[in-house]
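There are two complexes below, and they share chain A, which is joined by chain B in the first and by chain C in the second.
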Partner chain A sequence: MRPSADAVVIGGGVVGAAIAYNLLKSGMKSVVLCEKSTFASGSTGRCGAGVREQWGAEHNIRLAKASIDMFEHLAEELGYDQDIEFKQKGYLILAHTEKEWDQFKKNVELQHRLGVNSMLLTPEEAKDIVPALNTEGMLGATYNSRDGHANPFHTTRAFLQAARRLGGDICFFTEVTAIELEAGKVKRVRTSRGDISSPVLVNAAGPWAAVVAKMVGVDLPVYTQRHQILVTEPVGWFLDPMVMSFSIGIYCQQTPHGSVVMGIGDPDEPKGYDTGHSWQFLREMASIVCRLLPVLRDVRVVRQWSGLYTMTPDAHPILGKVPGVDGYYQAVGFSGHGFMLAPVVGRLLSEMILGKQPFIDISGLDLGRFERGEYMVEPSVV
Partner chain B sequence: MDLRIEDHPILSFPERKKVKFFWEGREVWGYEGEPVASALHAAGIKVLHKSLKLDHPRGFFCAIGNCSSCLVVIDGVPNVRACTAKLRAGMRVEMQRGAGPAPSDRE
Partner chain C sequence: MRKTELAVVGAGPAGISGALEAASYGVKVTLIDRGDRPGGQLVKQTHKFFGWHAKGAGTRGIVLAEQLARHIRENENVTFFGSTEALGYYSDKVLLLETPRGIEPLQCERLLVATGASEKMLLFPGNDLPGVYGAGAVQTLMNVYGVRPGRSVLMVGSGNIGLIVSYQLVQAGVRVAAVLEAMPVIGGYAVHASKIRRLGIPILTGHSIKEAYGDGQVEGAVIWKLDEKWNGIPGTEKDLKVDVICLATGLTPLGELLWQAGAQMEYVSELGGFVPLYDENMETTAKGVFVAGDASGVEEASTAMAEGKLAGLSAAWSLGRVPPEEFTRKREEIRNELYQLRAGPTGQKILRGLETLSKRAKKVTA
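On to the complex of A and B.
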């Protein structure tokens, strides 16, 4: 590991990897990425891997749209020799209550205004897209064919390999233990494998973002929460889009390999760092998904796991600098949708750090918004 | 020769009912209640599954329901382990190609 660098990025998940790559691509000479475990070992590698433009708030729609533009050419841009398995088979979001159906109509209107070609579907039209769907009790659905999913391990690895080729120092099993400031400026990062002097520090530590922020005296209004997920044995192709419902709190997608990945949000899940898993989840998940997609009844589960959402008070990420700590930047609090935003956040953070005008205005996503009382509203989260 | 052991110094084999079933549409026979894989093996059928990525032949391997080598489609249900499924008369057993057919909505 180098003794000094132009920038140190903390976190080897997809967000940290994308930021490190973009800094190097934009001409920064020396970038060190510190990851306390191995790549994608935190939230990235445990996520549902969906990528969607169908959000209910302007910032999320703009960011996700730009991210999908980038996902479409990502493997090529990064010179990756394998497939990141980006598939655009759409997202089908189901409405089961009047309240969410009304919200979806508003969402689609906003999405159209921002150039997203989402559409409102009747239950019959939804069944044309997913013949296996049980439309009982469904009022309608929204669909956007540009949405999809990608493989989080390959995507992160693609960013890291490209960063390494550009001279980046990617250090696994290197835990940041302290950050030294001098006159309100980032000076040195202490790690389990030695110190690095650097004027720039990027916090992309995912669930551990608040721990890192504390090292520079910043309090983050975030909490972490376990989300459970499972995968089935591979079966023949039957499910094109990601099927999702906010009122039921479920998402379900079939990966290119044929296995089906699904999760549910549990509103009673305690906050904390527990990444264990429970039989209650298996039972609940199975009963919900078999009601929605009855063909899954005979399909076996092969594995279950869990990962952490890092939630902010308004379910939007916290991006950029913090007044009073020069050289400190953060890309944290993604509230369960960090994977899909990573390509665009990588670019935006590197633009901020290099003193350029970010290509999308994200000034409203700074930490200061909570103090100013400028909370975003995002109605569409699982 | 069907490789069935008739005489064994320790194990005994009670008389069982001979039944007909189908392999890829072709009629074959086995003993009721024996593992489907045994009946197929005895009938000289060794390739039960084609692998997910490279379409390589797969067959009887662990014999205890642990691996995924002998996956077959039985009466339309994919991912059935031939080594632990018990033979019934009239069963329609097919070679599973990759992940097999899409799951279907059966009552």
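On to the complex of A and C.
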């Protein structure tokens, strides 16, 4: 590990990897990435892997739309020799309550205004897209064919390999233990494998973002919460889009390999750092998904696991600088959709750090918005 | 939710012995097995056991299985759940079971993992063709269901299982083309090896399988000689027309539930693979989780029964059911029995493995 660098990025998840790559690509010479475990070992490698622009708040829609544009050419841009498995088979988002259906109509209107070609579907039209779907009790659905999913491990690895080729120093099993400031500026980063002097520090520590922020005296209004997920044995192809419901609180997608990945958003899950899992989830997940997609009845579960969401008060990430700590930047609090936003956030953060005008206006996603009271809660999360 | 004091996963010799021992102190036991009857691998072992007569040697495995099953049926403290799979063990001490009635959680105060071992697979082209079997599967087909696996068999592995199954195949009227052994010497007891040599079956040491071939199923196998570095020697290939390839290349402990319980696992090659660290009471580093039999290291049925008994005794003691002096005395008796069972030449490898394990255990507690 180098003794000094132009920038240190904390976190070897997809967000940190994308930031490190973009800094190097934009001409920064010396970038060190510190990861306390190995790549994608936190939230990235545990996520549901979905990528969608069907959001209900403007910032998320803009960011996701730009991210999908980038995902479409990502493997090529990064010179990755394998497949990141980006598949655009759409998201089918189901409405089961009047309230939800009203919200979807508003979402689609906003999405159209921002250039997203989402559609409102009747239950019959939804069934045309997913013939296996049980539409009982469904009022309708929204669908957008540009949405899809990608492989989080390959995507992160693609960013890290590209960063390494550009001279980046990617350090696994290197835990940041302290950050030294001098006259309100970032000076040095202490790690379990030595110190690095650097004028720039990027906090992309995922669930540990608040711990890192504390090292520079910044309090983040975030909490972490466990989300559980499972994968089945591979089965014949039956599910093109990601199927999702906010009122039931589930998502479900079939991977290119044929296995089916699904999860539940349960507000009663423990907050903190518990990444264990429960039998109750297994039973609940199975009963819900078999109601929605009865063909899954006899399919076997091969594995269950959990990961952490890092939630902000408005379910939008916190991006950029913090007044009073020069050289400190953060890309944190992704509230469960960090994987899909990583490509665009990588570019935006590097533009901010290098003093350029970010290509999307994200001034409203700074930490100060919560104090100013200038934020709008994203309505469409699982 | 259904509750039990001690859940025992695996109704083989280890699990049954553990269940009976704990039940003898009034512990309410739930014994779980994937099979529809208790007995584990014993239900297919038609041969007589060797060794210590007081501990069941001279008895056939199937007879022993019947005896043990009867004890289970007659014991009012033991509930047997057959055709039931333990899917997972969770932090709230719940075993999730897949029973013929559906998925059921079972809360258990103590858990004994006696899941046994699974057969090792060999890597060679064509190993996924129908007709490639594990020796255990061949034994089950023949000895439990009365089905011959094929007409002509290549046996890979000359340990006791490979030798005994070869003999049983011949008894069932199946031709055994050859027994292969990668090592320079035969792995199993001479008494078994002599029996099949007398039948004219060649045992080829220093040989292994190169590939299996066939159109949709095994039609033959190519074998070859190995050099001292275990590589096949080109030019020594021989083609054997067989329709079954039987792999008897060893066993590896089944520790999934132990991993899930958070028990510390160590790789010890003499014991067959990953095994849990455990103390003199057969308790793992996961509190209240005990282990016995092949899951703690691959051995044989007599040691499995002794270990099971010790684990069942310890579980009962930890639930406050065994007077301390009785516990200490009985524990010493069983440990002494295990020592004697491992005293022969075949026990040396196990003792070496156990020593490695105990050194690692000390490192952990230090």
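By definition in this document, the second predicted complex is superposed on the first by the 382 of 382 C-alpha atoms of A that agree within 3 Å, B and C clash if a C-alpha of one lies under 4 Å from a C-alpha of the other, contacts with A are read in each partner's own complex, and residues count from 1 in each chain.
FYI, contacts are C-beta pairs under 8 Å (C-beta built on N, C-alpha and C of every residue); 3 or more make two chains touch, one makes a residue touch a chain.
From a predicted model like this one, the values you see are computed outputs, not experimental measurements.
*Asks:* Clash or fit: chain B and chain C on chain A?
*Replies:* They clash.
*Asks:* Just to be sure I read the superposition right, which of the two partners does A:Pro270 touch: chain B = first, chain C = second, or both, or neither?
*Replies:* After superposing on A, A:Pro270 lies clear of both chain B and chain C.
*Asks:* Name the chain, either chain B or chain C, that contacts more residues of chain A.
*Replies:* B
*Asks:* Of the partners chain B and chain C, which touch A:Trp279 in the superposed model: first, second, both, neither?
*Replies:* second
*Asks:* Is A:Gly373 contacted by the first partner chain B, the second partner chain C, both or neither?
*Replies:* Touch status of A:Gly373: no partner.
*Asks:* Quick check on my understanding: which residues of chain A belong to both its chain B contact set and its chain C contact set?
*Replies:* On chain A, no residue contacts both chain B in one structure and chain C in the other.
*Asks:* Could you pull out which chain A residues touch chain B in their complex?
*Replies:* 132, 233-238, 257-258, 294-300
*Asks:* Touching chain A in the complex: which residues of chain B?
*Replies:* Against chain A, the touching part of chain B is residues 52, 68, 77-79, 98-106.
*Asks:* Using the touch definition from the top, list the residues of chain A that touch chain C in their complex.
*Replies:* Per the touch definition, chain A meets chain C at residues 276-279, 282-283, 286, 304.
*Asks:* For the complex, give me every residue of chain C touching chain A.
*Replies:* 87-88, 90-92, 94, 96, 103, 105
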